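Notes follow the structure.
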Amino acid sequence: MNYSIPADVPKEMHDVFVKNMDRMTCGSGKLFLFAGDQKVEHLNNDFVGPDVSTDDADPEHLFRIASQSNIGVFAAQLGLIARYAPTYPNVPYLIKLNAKSDLIKTDQKDPYSATWTRVEDVVQFKDQSGLQVVGVGYTIFPGSEFESQMYAEAAEHIFDAHQHGLVSVIWAYPRGKAVTNERDPHLIAGVAGIAASMGADFVKVNPPQRDGKISADLLKETVAAAGNTKVICAGGASTNVKQFLQTLYDQIHIAGCAGNATGRNIHQKSLSDAVNFCNAIYALTVEGKTVDEAMNIYTDQRHDN
Amino acid sequence: MNYSIPADVPKEMHDVFVKNMDRMTCGSGKLFLFAGDQKVEHLNNDFVGPDVSTDDADPEHLFRIASQSNIGVFAAQLGLIARYAPTYPNVPYLIKLNAKSDLIKTDQKDPYSATWTRVEDVVQFKDQSGLQVVGVGYTIFPGSEFESQMYAEAAEHIFDAHQHGLVSVIWAYPRGKAVTNERDPHLIAGVAGIAASMGADFVKVNPPQRDGKISADLLKETVAAAGNTKVICAGGASTNVKQFLQTLYDQIHIAGCAGNATGRNIHQKSLSDAVNFCNAIYALTVEGKTVDEAMNIYTDQRHDN
Amino acid sequence: MNYSIPADVPKEMHDVFVKNMDRMTCGSGKLFLFAGDQKVEHLNNDFVGPDVSTDDADPEHLFRIASQSNIGVFAAQLGLIARYAPTYPNVPYLIKLNAKSDLIKTDQKDPYSATWTRVEDVVQFKDQSGLQVVGVGYTIFPGSEFESQMYAEAAEHIFDAHQHGLVSVIWAYPRGKAVTNERDPHLIAGVAGIAASMGADFVKVNPPQRDGKISADLLKETVAAAGNTKVICAGGASTNVKQFLQTLYDQIHIAGCAGNATGRNIHQKSLSDAVNFCNAIYALTVEGKTVDEAMNIYTDQRHDN
Amino acid sequence: MNYSIPADVPKEMHDVFVKNMDRMTCGSGKLFLFAGDQKVEHLNNDFVGPDVSTDDADPEHLFRIASQSNIGVFAAQLGLIARYAPTYPNVPYLIKLNAKSDLIKTDQKDPYSATWTRVEDVVQFKDQSGLQVVGVGYTIFPGSEFESQMYAEAAEHIFDAHQHGLVSVIWAYPRGKAVTNERDPHLIAGVAGIAASMGADFVKVNPPQRDGKISADLLKETVAAAGNTKVICAGGASTNVKQFLQTLYDQIHIAGCAGNATGRNIHQKSLSDAVNFCNAIYALTVEGKTVDEAMNIYTDQRHDN
Amino acid sequence: MNYSIPADVPKEMHDVFVKNMDRMTCGSGKLFLFAGDQKVEHLNNDFVGPDVSTDDADPEHLFRIASQSNIGVFAAQLGLIARYAPTYPNVPYLIKLNAKSDLIKTDQKDPYSATWTRVEDVVQFKDQSGLQVVGVGYTIFPGSEFESQMYAEAAEHIFDAHQHGLVSVIWAYPRGKAVTNERDPHLIAGVAGIAASMGADFVKVNPPQRDGKISADLLKETVAAAGNTKVICAGGASTNVKQFLQTLYDQIHIAGCAGNATGRNIHQKSLSDAVNFCNAIYALTVEGKTVDEAMNIYTDQRHDN
C-alpha cells in the first residue's frame, strides 16, 4: 500500500518505514493493535477477577494470544517483550516507551508518565535480537500539570523513531485536575490534533461520549482534526462481543477510524476465546469483513475448539 | 536586501542566513508569518465553530493555504510539517520549537512550554528532507514562575539557530499570576527587549491595549525597545477584513513594525477566502500596498473564484 | 541449568548471563540473596540493640558471613563492597544501585530513592577489580508520587544490565500516601507485574498479609503475575529459626517462589550462628532440603562450633 | 600590570588571561564595568520615563556610549551583543551568562536566574566573530531557596572561563524570603566571600547601607572578606553627578574597591552626557583622577559639545 | 603505611592513592583536616567578631596558616584554592565539591547542597596546576527531603575520585525537618554507616551529645558503624585550647577516631597562635603525642614568637 511517508523519515529509511507500516497494518493501512501494557497501568486489576479467565493470571497469556491469532501488532514495555519474545518471535512488536501505575489519583497529583526506554535503545534491541520491532508508543496526558514534559518527550521520540523508520503511536488521554470530562468529543479531537502536531502516525484515543454514551458520530471531529495521523480507539467498556465488534465497525465505516486498540476485552478471555476474538477483530479491521462475518469467525472457531 | 547579520552567525553561514531572511521576507525585510501552531496551543477550539469554515477541520487546510497563497513563512511544529510537507514542498517553513495546550489556566499553574525539538534536529530534518526550512520559533512567557527555564532554552535555541544560518522568531507573551495586564504597552515593550537581549531576529507580540483598545501608537515603545530585533504582531480579535488590514497597515506605517503574524483570521476562512486574504496581507506587508489596494486584492480574487 | 534468556541480552553476552545466573543460583535456578544494604535504608537501627549480636556493629560482619557460608549472592551498595571485597574476593556480589534512608516518613514526603551508581560504572568496577559482580538491584516504590522517575531509572538499569550479561533484581515495595496497605496481596501481585514489565529477572517483595498474617497462599497471585520473572521474598518479622525456615519452604513449595532475600534475620546473629543460618537457608532454597534437614544443619553446626 | 593568576587558568592561557584583564582594566587593575543587561532584569522600566533621555529608548544607545567613551568593559547578554557588535567592534565585551526579569517578586517565589549561555558557546562566539570578548558574568542570589543551583552554575562557569583565559565577574545580591536586609554590610561581606570561594576575579555588590545610608566605610568588611577577588559596586541611587563620583572615589580610596559597575546612571543620560559621564568615571577609576578632575571632564566635555 | 585500598581504585592508581593517603595522613593513617570552607557555609560570620583575630578577616589568613604549620590537608572550594594556591604550593589540598550558605533555615526549606565541581574538573585542575590535590570532599544532609539527590552525587563523586586515586571525605550532618536531634549518637552512627556504604575513606561527623554534652564514649557506636571508613570529628564548641586538645585525644584514644577536622577554632586565632595550635593538633593526631606534650608545643611556640 502507498503510505504518506513523513518528511522526518530519511530517504534511506523509506523502505524500512513502509515495511513496518505494512507489517503493522498487514498491507491494509488499517491497524489492529493488541495492547499488553496494562500490568503497569492497572497493576494486576485487569488480570484476575470473577469475569476474567484464569489464563490471564500469567503474562505469557498475552504472548500466546499474540502468537496464535491474527493481529497487527502487540504493544508492551520493552522489558516484558524481552522476557517472552524469544519464545514468540513471530509476533510483530511495538515498544511502549513510557508507563505509570494508576495508584496516584488525579486529586492527589496530576499524572506524569516518564520515558522508560529511549528509541536509541529500541533500535539496539531490535538489531541485536532480530525481533520484529516495528514501532514505538508513548502516552501523553493533555491537561496534566506535567503535560509539557510529556509533549517534549513524545515529540522527540517520534522524531527519533522516524529517523529509524519506526512507526509511532501516541496514546492521548486528557487527564488532570483541569480536565472535567475526559470523554468530551471536542476535547478528544483536540488531543488528536496534538498528536498530529507531534507527527504521530497513529493516535489512540478513548471513545468520546455524550451523556455517558459513545457513538461513532462523536469521533468524526477527532478523525478530521487528526488529519493524516490515523485515529484508533477501543470499543469501550462493553464486553458483549457482537456489540463490541459493531462499535469497531462503526468507528471505521462511520467515523473514518483506521482501526482499533484493544487490550482487556481480549486477554481477559480464555486463550481460545481470545484467539478467536482477535481473529474476528482482525477480519473486521484489516480484511474489511462485516460485523456478521466477523461474529461468525468468533463463533465458528469457538465451536471448532 | 542588506540585513544586519548577528555576530553569532558564523561567516561561512552569512549567505545561508541572508538567503533564509530573503526567503522569509521575500527580499523586503518585512515578514508575513502565517501561524499554524494552534492545534496544540488551543486544541481544536480554533478549527471548528459557527464562524469557522468547515475547510478548517482538516489540518491539511493550513498547508493548502500556505502553498497556494503569497506568504512569508508558515510556522508549525516539526511533526505536523513532516506529515504534510512532502505534498507541499514549495512552502517556506519555520519550525516552532516548543508548544503547550491552554488546558491549564494561570490560576492553577503558571505556564511553561518545553522544547519539543532541538535546533540540531531541525538542521538534520532540513538537510535530510531538502525542505525549505528557513527558521525556528520559540514562545516565552515573561512573568511566569517558570520564565527562567524558558529564557534559557530560548537563548540557547537562538544561538544554535544562528550557528546554522537559521532565522529566529520569539513569541513573547507576558503571562502568569504576577502579570495583571498582559496587554500593557510598557510591559509588552519590556518583553520585546527580552527577546532582543536573546538575540532574536523577530519578536512576535500581542497588540498592546489601553482601556481595552489597541492602537498602533501603543506599539511605538515596543518597536523602539526591540532595537534591531524586528517586531511583528497580529491584527487583534477583529474579523472585519478591512479593519484588520488597516490595523496591520498602521502597525507598519505608524508604529514601525516589520510585518505581522496571523493565524486564526486566515485559516478559519474557506480555502479560497483564506488564499485571497493571505495575498492581501502579503501585498500590504511585503509589497507596500495600501489598505485599499490590499482590500481590492481580497475582493477581486473572491469574485474571480 | 537452562534459563530463559531475555532478548535484551545480546547473543555475545548469553554465556556471561548464564554464568552469572548460575553463580547466583548455584546452578539451581533458585536464589538465596543475602541483603546487606540496610546501613543506608535503616541507618544503624538494625545493627545494634538488645537482641542483636555485638558482632553486627561492624560492617565487616556482613562480609565475614557472606564469605564463610553458602549463599547465592551478597547485595550491597558499590561503595561498601569496594571497601571490603579485596579481603573477601570469593563472595559473589550484587550491586544495589539506589538507596535512601528511612528518616523521612511518608506523611512528610513520598519516597524517592535515586540512582547512586550507573550500570556502566558497575561494569567498569567489575572489569577493573576482577570481583565476581554478577548482578544489579534497584528499589521501586509503586504508589509514591515519584514512582515514575524510579520506574524510568529501573527500566534503564535493567536494559543496561542485560546488555552486559548482568542479572537484575527489583526490590518492589508499594509505598506512599496513596498506599493504604503495603502488604495487600493483590497490590503486591501488581508490583511484581511492574517488575516483570521492566524485564527484571527477579523481583523481591515483602510477604503479603491478610488480617496481619502472612501465608504462602497469598503469594500465589504474585508468582503468577510475575510470569517468568522469579519472585523472592523474606521470611517476615519472625525470628524463630524453624518458623522462619518453614515460611521460606512454603514460599517455594506452595507459592512457587524462586528463593528468598534475607538480611536482618541473618546478620543480627553472631558470626557462627549467622553462618549456620545461611547454610540452612541455602540447603532449603538451593539444594531442595526439607525444613527439618535445614534445621539440623543450623543446629548441628551450632553444636560443632 | 602583574595580576595574581588563578591556578585554574592553564599555563598556556596565562597570556590570554593577562591580556583580557589588561583590556578590562586598561592595565590599571581597576575596572569600570558599564552594565547593559537591564533590558531583561528590569524590562523597559529603566529605558523610558520623565528623567530618562529619549536616546535611551533604543538599545543601540548602549553600544553608542560604549563605543564612543572610555570604559573598561561593556556587559550584556550574548544575544544583544551579537546584534550590535558587528557595528561596534571596538568595544570590549563581557557576556552575562544568566538573566531573569523582576516580574516575580520574592514574596511570590524566591529568585532563580538560569544560565542562558554556556562558556563553551562564548568561546565559540569569540573565536568565530573575532570580537573582543574578554570575560563572563553571572548573578547569584544568596538566600534564595534556589541558591544552591545558582552557586553550582556559577562555580562551573568560572572554572570554564578560567580554562579559556576569560575573566569572571559575579553579581552577588542577597535576596529571598530569608533575607530581611539586602543591604546589610555584614551580609554583603558574606556574599563577597561566596564569590571568592567560587574563584571569581571580580564581585559586584550593591553598596551596603546602615540606617538607609551608604558609606564607603561599610564596604571595608566586604573588601577584606573578598580577599584577592576584587570588589566593585555602583554609586547607589543618586543621580547627582558629583555626589555619584564622590561615592565611587570613596569606594576606591577609602574602602579599597577595585572599581565600579554602573548602568542606569549612564544610559539614562543623552548620548553626549553619557559619554562624558563615562569618561569622568573612567578617569576617576582607571586613571586615578580626583573627583574634581573627573567632574571637570564631565563638565568641560559637555560645554564642548 | 599499609592502607586497605578500596576495590574501585584501579590497580594502576594504587600507588597514587597510597601516596595521597600518605600525604594526607603524613604516613600515620591519622588525618588532621584543616577546614576552610566556611566562607560559603557561614558567610562572614566566622571571620569577624569580638573573639576573632583581625587576621581572620582576610581569606589569605587560611592559606598562611596552612602553609606555615603542620597539617594533614587543607579543605576548601576549588575556586578559593585556585586564587591562593599559586602563592602556597606547598600545601596539600582537598577540594570541597559542594557548598551552600546557612541563610535558609530548615523550617523554611530542608537543606540541599549542590555539586559545584565535578571530580573530572578536579583532576584536570590538579594535572594542569601541578598542585598537591590529594582528595575531595562532599557534604550530605541525611534526613533532608533532598537527601536522595545528595547521596547520589556523593556516591558518584567517591567512585570517580577513587578511579583517579583521590581520597574521599564525606561531611555527614543529619539535618532537616525530620531530624529532631542532630547530635543523637545513634543517628550519627547511622550517617557514618551511610558514608561507609558510599565507599568514603573518611567521614566527618559532629561530636555526638547526650544531655547536651559531648563524650568520646558516645562516638564508639559511630566508629564501629563506619567500619574501615575512618571517622574524624571536631572538638566541639569549646575554645579552651587544653580542653579542645583533650577532646581530640579522647576521640582518638577512647573512641577510635582516626583524627579530626577543625576550622573555626584554628583560623579565628591570630596567625602565630593558629600555627601553634595546628602544630599542637598535628602532634597529638599524627605523631601520637599526649595532651600535655601538644599543649607544650602550643605554649612554647607562643613564647618563642
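Going in written order, the chains are labelled A, B, C, D and E, and every chain counts its residues from 1.
Keep in mind that, in the parts below, a residue touches a chain if its C-beta (ideal position, glycine included) is under 8 Å from a C-beta of that chain, and two chains touch if they have at least 3 such contacts.
For clarity, every value in this text was computed on a predicted model and none was experimentally measured.
Q: Among the remaining chains, which ones contact both chain A and chain B?
A: Output, common partners of chain A and chain B: nil, no chain qualifies.
Q: Any chance you could name the chains that touch chain B and chain E both?
A: D
Q: Between chain C and chain D, two copies of one chain sequence, what rotation angle (nearest 5 degrees) aligns their Cα atoms?
A: It is a rotation of 145 degrees, to the nearest 5.
Q: Calculate how many whole Å lie between the centre of chain D and the centre of chain E, each centre taken as the average of the chain's C-alpha atoms.
A: For chain D versus chain E, the centre distance works out to 35 Å.
Q: What is the distance, in whole Å, between the centres of chain B and chain C, each centre taken as the mean of its C-alpha atoms?
A: Each chain's C-alpha centroid was found; their separation is 57 Å.
Q: Counting only residues that touch at least 2 other chains, which ones in chain D make the list?
A: none
Q: Determine the shape of the graph in which chains are vertices and touching pairs are edges (line, ring, star, complete, other).
A: It is a ring, because the chains touch in a row that closes back on itself.
Q: If you start at chain A and step next to chain C, which chains follow, in turn, all the way round the ring?
A: So, from chain A then chain C onward, the ring reads A, C, E, D, B.
Q: Residue numbers of chain D touching chain E in their complex, please.
A: Chain D reaches chain E through residues 4-8, 10-11, 142-143, 145, 147-149, 151-152, 155-156, 158-159, 162-163, 174, 176-179, 186-187, 189-191, 193-194, 196-200, 221, 224-229.
Q: In the complex of these two chains, what residues of chain E are touching chain D?
A: Residues 37, 39-40, 43-45, 47-48, 57-60, 76-87, 98-101, 103-105, 108-109, 112-117, 121, 124-125, 128-129, 131.
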